[in-house]
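Take a look at these structures.
What follows is chain A paired twice: with chain B in the first complex and chain C in the second.
Let's look at the complex of A and B:
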């Protein structure tokens, strides 16, 4: 299959925010990440994969929290394990509750500002908390916050240093729908500002809302990267499923079978057929010509499997994505 | 103290947030150990300093500037030495596990246990007095006595004591071992949650 895009092995450059080359990581004989290569530039990139696929390990490796057993990770051309100063440009939203439970949100975010050497930590803290709709003057300790509020505090501490690279591990966990929309908008605006935003998730509809650029991780391997619609187009060894709505389904189905363009054709209703084709471009020409010849009206020609969920299922080979909602 | 500051960070994931900043792991470790040492110094150095100042103001202190400075140096060396010794031993244990209670319990058992065991071995089983080198309870006190050039009040097997070079070597050896353990653990530390 050509969908799992062959990485172009180039040398990491200072202009490339995130460059991962041949990275493998294992823990006590268990392979968590296997020979993964990709580059991530400005904008929002969603990392999708089931629970246990290796997403968090990859993100921690990018931040230098875990060293790769093989391969290299570079942020702006620098190794975060050997040169932690590059982390001045990184903001991390960890998956787990890593906040100081007894601290106020302001104090916690301010600590992150100080650690990153922010010039005016008080002002930066107020701005970061305001950006996630948190009150900087809230006197309560973080442990008294709801899960969603703690998530937003973690995001604020990641934004406090104005990072060029923002890495968020399952940042929408625990948020209500309104907060999710708000945060997704925030990630988009950060991406639009030219920052590199990497967001992991195992929830398919979340990933689709983050944008079309995805990294699909399955069983520690990079199954695919890029625009998921382009990935689907590249999967030329798997027939595309297409629904055709017409006033003469039986006649059109017969014509398709006769043309040998279709791998299979089913009449699924009084006005619809579903077909599987390899060459979508040729199919569109053929169906238009057949409809004209038969004097049939084409109401709709729609792909059924170019959504992210279908792409994901193809890539990980799962009938229903394990662990993925 | 060391298990509280080191194990908690690893267990809660705060270590990840620290190390995802420009802070190097050695800066992080140095700051944490300095914080622990400061607390310990209030016990190992503070009282001795107060005693020196108190005696001096009452006219019982060292005679002359030179003697006073020499005594001050000994007070600082002994206080800082003992504080450093226990800071590093406890930090070495804390670097091995993320369980604060386990590290604390191991520290207490190690210090009290070696104290009782060595006393038994030398006094009852007639083992060589050099077993005192692994007595983590009394070795720092021995060290302080030697710094002050005082005859030790700690006797093994009747009146036999270790030589001063042996005490210094053992004291420095433990510090180096602790540093090696801490350095080894934190040079390879991986944030996995």
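Let's look at the complex of A and C:
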């Protein structure tokens, strides 16, 4: 058991925790989200996109805080706007900073526990605050906390009811590196417990640490979803960049050019070459055979662009993703 | 338990020191003004008291208190982004409207209704005036509180919209006869006051039963619209 005292709710009848179908949302003629469809199951899913891509609007729509102009959102098969009872299974860490004036962390989290109908709100509150390393007996009001502390209190109120769906909008904002590591571990443990955890971020490094399952949102559209390495493999129109380290780079480069499998070959150092290939599988066979023929030692054959940043750059089509660090 | 927790949360949010101090000051001023008026040797103290209750209480202090506290009850959490912590919960959403209404009345009654009735009694300590002033101010408090809870929920800059509503509809349009007056909380409240002291007063178009029924309909209508909009509103 990780965060809160409450166990995972088990009542939901439909198996898919989050189901989004053809959702569009616009504000005064500006399209914020356009025809987005996806399902999210248990485990940690990271939602990545530049600032203004529509991530927060999408998360707010999933929670029911705003209704879609087109399409449907279902949590365990139920519409969160029409059926507030499904919100018993939801915990949200909103992006905004505001907290109630003069309210202590304990009271803030307890408020959530009571409104969720948690059986023992005091015990659940203490457990939730402890899970984010906050002192339940701190007399200060939340307003006086640092940004990182407020963020942790917001997370505690989202966990206090033991939700099976946890939605966190940029939850690592304002946290120091140690707290980031701690919270990322916490999200992982929540996902491992079978909870559905959706975490948005515009910071690539963060998303990579949340895991490989991503939803990439760009300009209000879902650019891709799934494991980002699998997404990269599916991009047939983008040659894979591969680095080969060997004791005979020039000879191996010449062999690759002759094989016509590589679209470009560069000798980048005394023991390395870089090449671009479309068919990675054939390339691995070819280079192994060429190395054997040339009596060359292969030290490393490593992809250079199957990291999240490269995948994101390809999907969004931006050389340096706007707003994404 | 949910209602109590919501109630305490909203009450703390709304009752800032500045607001409380402001209306305590207004109440004190009302009582001082009433004392000065009563010391002037009035020919008809009861009529003067009714006029005082109407001008200071029903037209000014009660609607202003309802405006300030009512619009803040939902408007403050909506504007500062904390409403999500109340709205995104497995509760019946009309409960938010009812709680905001209860919080508003909790503050309007002691800070506006009681001082207004007390000031009226300072001018003319009669049973008829007490009955009329108490009923009229309570009716006004109910109607205005319901309306301003709704206004705080559906508008930004609700204080400005609220003042415009008071000046235009309650004080100007309502003078256009009993038909238009039916839309104004003040017309119903002042009708009750006028009946109690048996005096003609501006916009007092209705008998006591009609006035109370009309005010009840307005109050219920404002609350119903607010409760219905809870489910349809976009929360930030």
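As a working rule, the second predicted complex is superposed on the first by the 311 of 325 C-alpha atoms of A that agree within 3 Å, B and C clash if a C-alpha of one lies under 4 Å from a C-alpha of the other, contacts with A are read in each partner's own complex, and residues count from 1 in each chain.
One rule holds in what follows: a contact is a pair of C-beta atoms (placed from the backbone, for glycine too) under 8 Å apart; a residue touches a chain by one contact, two chains touch by 3 or more.
Quick caveat, the model's predicted, so the values are computed rather than measured.
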| item | value |
| --- | --- |
| Side-by-side fit of chain B and chain C on chain A, or clash | clash |
| Which of chain B and chain C A:116 touches, first, second, both or neither | both |
| Contacts of A:63 with chain B and chain C, given as first, second, both or neither | both |
| Which superposed partner A:157 touches (first chain B, second chain C, both, neither) | both |
| Partner chain in contact with A:102 - chain B first, chain C second, else both or neither | second |
| Chain B versus chain C as contact partner of A:88, first or second or both or neither | both |
| Larger contact residue set on chain A - chain B or chain C | C |
| Chain A residues contacted in one complex by chain B, in the other by chain C | 60, 63-67, 84-88, 90, 92, 94, 96-100, 112, 115-117, 157 |
| Residues on chain B engaged by chain A in the complex (per definition of touch) | 12-14, 16-24, 190-193 |
| Chain B partner contacts - residues on chain A that touch it in the complex | 27, 57, 60, 63-67, 84-88, 90, 92, 94, 96-100, 112, 115-117, 157 |
| Complex contact set, residues of chain A against chain C | 60, 63-67, 81-82, 84-88, 90, 92, 94, 96-103, 108, 110-112, 114-117, 157 |
| Contacting residues of chain C [partner chain A, same complex] | 1-2, 5-6, 9, 12-13, 16, 77, 80-82, 84-93, 231-232, 234-236 |
